[in-house]
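The structure follows.
Labels run A, B, C, D and E following the written order; every chain starts at residue 1.
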Amino acid sequence: VADSKQILVQSTTSTANSGFYKYLLPMFETQTGIKVNVVAVGTGQAIRNARNCDADVLLVHAKAAEDAFVADGFGVERFDLMYNDFVIIGPAGDPANVSKQSDIHNALKNISTVNALFASRGDNSGTHKKEQSLWHAININTEAVKPSWYRSTGSGMGATINTAIGLGAYTLTDRATWISFKNKDDFKIQFQGDPKLFNQYGVTLVNPEKCPSVSQHSAQQFIDWLLSKKTQQSIAAFAVDGEQLFYPNAK
Amino acid sequence: MHNVIDINANKPVVGTTRLPTKAQPSRRSKLELNNISYSVNGKRILQNIKLNLPPQGITAIMGFNGAGKSILLKIMHGILKPTTGTVLWNQQPSDAKHRLTQSMVFQKPVLLRRSAKANIDFVIKQRGTHKPALRNALLVKVGLANKASQPARLLSGGEQQRLALARALACQPDIVFLDEATASLDPASSAIIEQIVSDEAALGTKFIMVTHDAAQAARIADEVVFMDAGQITEYASAEQFFNAPISQAATAYLEGRLHHQ
Amino acid sequence: MHNVIDINANKPVVGTTRLPTKAQPSRRSKLELNNISYSVNGKRILQNIKLNLPPQGITAIMGFNGAGKSILLKIMHGILKPTTGTVLWNQQPSDAKHRLTQSMVFQKPVLLRRSAKANIDFVIKQRGTHKPALRNALLVKVGLANKASQPARLLSGGEQQRLALARALACQPDIVFLDEATASLDPASSAIIEQIVSDEAALGTKFIMVTHDAAQAARIADEVVFMDAGQITEYASAEQFFNAPISQAATAYLEGRLHHQ
Amino acid sequence: MQESAINLAVQLIISANPDLFEIIGLSLRVSLSSVVLSLVFGLSLGAFLATDHFRGRQLINVLINALMSMPPVVVGLFVYLAISRSGPLGWLGLLYTPTAMIIAQTMLITPLVAALSRQVIEDLYNEYREQFLSLQLTRPQRMKALLWDARYSLLTVALAGLGRALSEVGAVIIVGGNIEHLTRVMTTAIALETSKGDLALALALGLILLSLALLINILLSSLNISARRQAYA
Amino acid sequence: MQESAINLAVQLIISANPDLFEIIGLSLRVSLSSVVLSLVFGLSLGAFLATDHFRGRQLINVLINALMSMPPVVVGLFVYLAISRSGPLGWLGLLYTPTAMIIAQTMLITPLVAALSRQVIEDLYNEYREQFLSLQLTRPQRMKALLWDARYSLLTVALAGLGRALSEVGAVIIVGGNIEHLTRVMTTAIALETSKGDLALALALGLILLSLALLINILLSSLNISARRQAYA
């Protein structure tokens, strides 16, 4: 079925849930006549599925895992596509006074010292890995010690935000998911802007040599299109509630 | 070789166990059926039933298969509502309390999925206190003492029928409806049941029984209601009915002939 | 007033419809029971049963309730496996083909949740071609022509029993087992059934029937097997049995007395 | 929230949202297909197990009862591994198609139908057994007669299967992928909206799904009641 | 993959992984509690609906049948909205507790138990009805007697409920949150491992859950068989 007029993208949920594909894909489909099917799952599951050849294109935000994917021969090459950033959201009262902090390390330290609840995705997703590296940097071991204020939800981003809101807990989320999230309740972004919260999205063609079923031509066309100048401008123009969600940075 | 059976041979043998005595029936019950009819799915099964039964004694209901005997019995007992007409006991409609003084043995006895004795206990408990003495006496009476613990639905056909009768007597009723309660009993068991019925009737319990056994009816019934095709065609004392039935249908029935209207 | 019933009054009335004739019974069936016993849950229900029945005629099985008649019938019919002993037909164990020539009416007929006629059609279809003529003739024969479309389980007790008999004849069997097949029939219907049995027997069909109706057995049976407490205590020609029963149990049974071993 | 969900549900229906109808259509197609298949397999199996005592029968009964506890996600994974392009049936190209969803749901629901129908049919067979033995019915004849005579009771079993199919999400989301315009059904859409935090929309879709179920149930029950009225008691 | 899942399952069990046992324990606690509660409510409701003809009964039957199609996620959302901090019952502090999971599962399973047991009991009541009328049993007496006499058939209904409870993930993950050491059960753990892409571990957990179900079923069935052997046919 190689090179059919359909391609399959294994994607992270944040891009799908924010309406990004709904905005972008019709442009590609009218231009090329190629239909893009998106399966939006956790990053881990997306990469696993792609390793099983159940994808033509992988679009996620976990650079290390993506590099490993390519290194293992499952991907041809990984390209930076766009970025946004992670933010800390929390209840309006901001019990850990996170919003006043200058950098993310202090913000997290505050949470741990006042024992404010923190909801972690705990699912080895890109977001979870980022969060772990941040705790690691301030020498708090949330994995081995499992402090009582630290709640590992083992769920996707949306479910984790729902849980955080239910608990009144802080959590780390990507900006795109948060902006488009509907069940905000009294929650706000309490911390943002630290360069350490950079969130890079990458796109990879699944290796046709490993996976003969890959629609190499159409998939490559899609990737080229994504990285093209015009599409990059369209990505920049995508906004929800007047806020830009993704910042194109293809080289 | 035919006809060597003498019907006199089937004389009731007196049961030797007596049931625990109960209080005298609290009220005598005169039964009055006014213009009863019964239809189901537009089909008329009973019509124009008028009947006055005395407060005591044994009434036999006879008639061809499908005449409507079982349905009439259920209507009298109050578990089937007639399409038209009224059932009065001592001039009053039956109420829950009065119906507690009645019991019935169905043509196809429905036994609970429990042991024989549990089937009787079920009824006794439902009516109040648990009385193992009464239960045991009843089991002896109907010859099931040695089957007390056997699952009721594994009893033989005749044993099941006897258990159903014991269960009906367990609530010490004033009025008992029997729908062919001896149909699959051996002659000796039939005789015992007949004796129980006669004894209880003598103590004031009213029996209304459907039977196809003319000899049985002749032996114990005081009066006979004869039904044909959903109507009562004859109501007479047993003596008169068996000696000189009036309706053609009854004559045919007693002679073992079909009656075509 | 008692005993005004003359047993002669119950003479069979000849049925007017004839069933479609069937091929003469393909093989005569001599039945031989060797040392049959039957136990369930460690309880011995039948023991030491030895019996040779001739290939034709009407055999009545009689005995007290719980004697084991129904169980023995099921063992003969091959639907219950004896604990010990063998059942031989013409010196051979019964096989599937032979069993297709038998049919049985159970003491409690099991009717399918379908119309009366569908109950008969079910059997006819199962045995091969669909024959509405045979079905209709059977319904007429047992007096259910006007109830053909009624749900079988809403028929009256006697009607159900007649339907069960019609169904058993629908497969045009060579051997028929009847377990109290006239227990809840009115005298006229009993007579018709007796006539059907006699007619079919005359054509070569073998009947083995359980009945508590001594008069009936005396009228139509050629021979009688008497059972008591799981054993056969007497096997004799009907004439001899009814004139001069040998065993005490049989004597007691015929006199309507219980027999205590 | 709940009222706004009701309003939203009504609005969605009134506006005749084509996306919604597409999703409803696929939900019905997948659920009804898998229920029909489950009935074919489950009723046959149930009737087979009910109609005779053979060695190992009790063991199979217990196994099937236990299979009712099979988590949808696990069924989904099994099917996924089989039909993934790297799986043994990958060449069929079934992954992320409605067919895959039907397969997974059928596997999920068949044990439920089999276990429940076995019980219903066994209860009836207790009553019919001796008569059937006497008639020497073959097993298929017995199975057919019992299935027919128990049909009114089996309707409830079928409805339980339908309920499971309509409400199931774990298996279909894995093998279907919840791809818009391709494999998105009501339940996966509800899960998606929940994860987007649009709880009102999720609830509204839930209400629509329930109304749909109610409609189907009313339809089947009224057929059933009118059939029963010409009562074969 | 499937073999490695089996190996992994065996290893997990042998190594007596404490996290695993914690999760199994909570699964059992939540599922068994909700099944017991569902049986209490569902059997009462089923017996009530089966034992008399009252106006609107048919409507309630249809409604309950339809509720079998209630998606777990929707049940989860309902409960979530009720007990979330801003919900009417928020002050109870039940969200993300095993209690909340039990509540949600009970709501989910009760219609299943009610609908199926109604059918079983109704079938038996058809047989007992006239006798019960004659005895003038009160409704509770009738319900009690029918429930008792139908107990062997109702066991299958209970097992269907248990299967649903053990395998259910949609509702418990919303109201429980799948929080480690607090509300994580087998099914939510399986969902988590699936989303992590650790399919072997997910399958292994699925196998363990199934074995657990099998164990419970064997236990209950053997009790049942030995009880039936002292047969009350």
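Assume a contact is a pair of C-beta atoms (placed from the backbone, for glycine too) under 8 Å apart; a residue touches a chain by one contact, two chains touch by 3 or more.
Note that the coordinates shown come from a computational prediction; the quantities given were computed from them, not determined experimentally.
Chains that count as touching both subunit A and subunit E, per the definition above, are D. Counting C-beta pairs in contact, the pair that comes out ahead of the other among C-D and A-D is A-D. Centroids built from CA atoms put subunit C at 82 Å from subunit A.
Subunit A and subunit B, compared by their mean Cα positions, are separated by 82 Å. Work out the mean CA point of subunit A and of subunit D, and you get 35 Å between them. Averaging C-alpha coordinates per chain places the centre of subunit C 50 Å away from that of subunit E. Looking at subunit A, residues 41, 49, 156, 159, 162 sit in touch with two or more other chains. The multi-chain contact residues of subunit C, meaning those touching 2 or more other chains, do not exist; every residue touches at most one other chain. For subunit D, residues that reach two or more other chains under the stated contact definition are 194, 199, 233.
Contact annotation for chain pairs lists A-D, A-E, B-C, B-E, C-D, D-E, with touch applied as defined.
Subunit D makes touch with subunit A in their complex at residues 84-87, 90, 93, 95-96, 177-180, 182, 192, 194-201. Residues of subunit B touching subunit C in their complex: 1-5, 7-13, 63-66, 69-70, 107-108, 143, 147, 155-159, 162, 179-180, 183-192, 212, 214-215, 218-219, 238-239, 242-243, 252-259.
Taken in their complex, subunit D has these residues touching subunit E: 1-2, 58, 61-63, 65-74, 77-78, 80-81, 111-112, 115-116, 118-120, 123, 126, 153, 156-157, 159-160, 162-164, 166-170, 174, 186-187, 190-191, 194, 199, 202-203, 206-207, 209-210, 212-214, 216-218, 221, 225, 233.
Interface of subunit B with subunit E (complex): residues 74, 77, 79, 96, 99-100, 102-104, 106, 110, 112-115, 122-123, 126, 151, 153-154, 171. Within the complex formed with subunit D, the residues of subunit A that make contact are 1, 8, 13, 17, 22, 37-41, 49, 52-54, 156-159, 161-162, 180-184, 211, 213.
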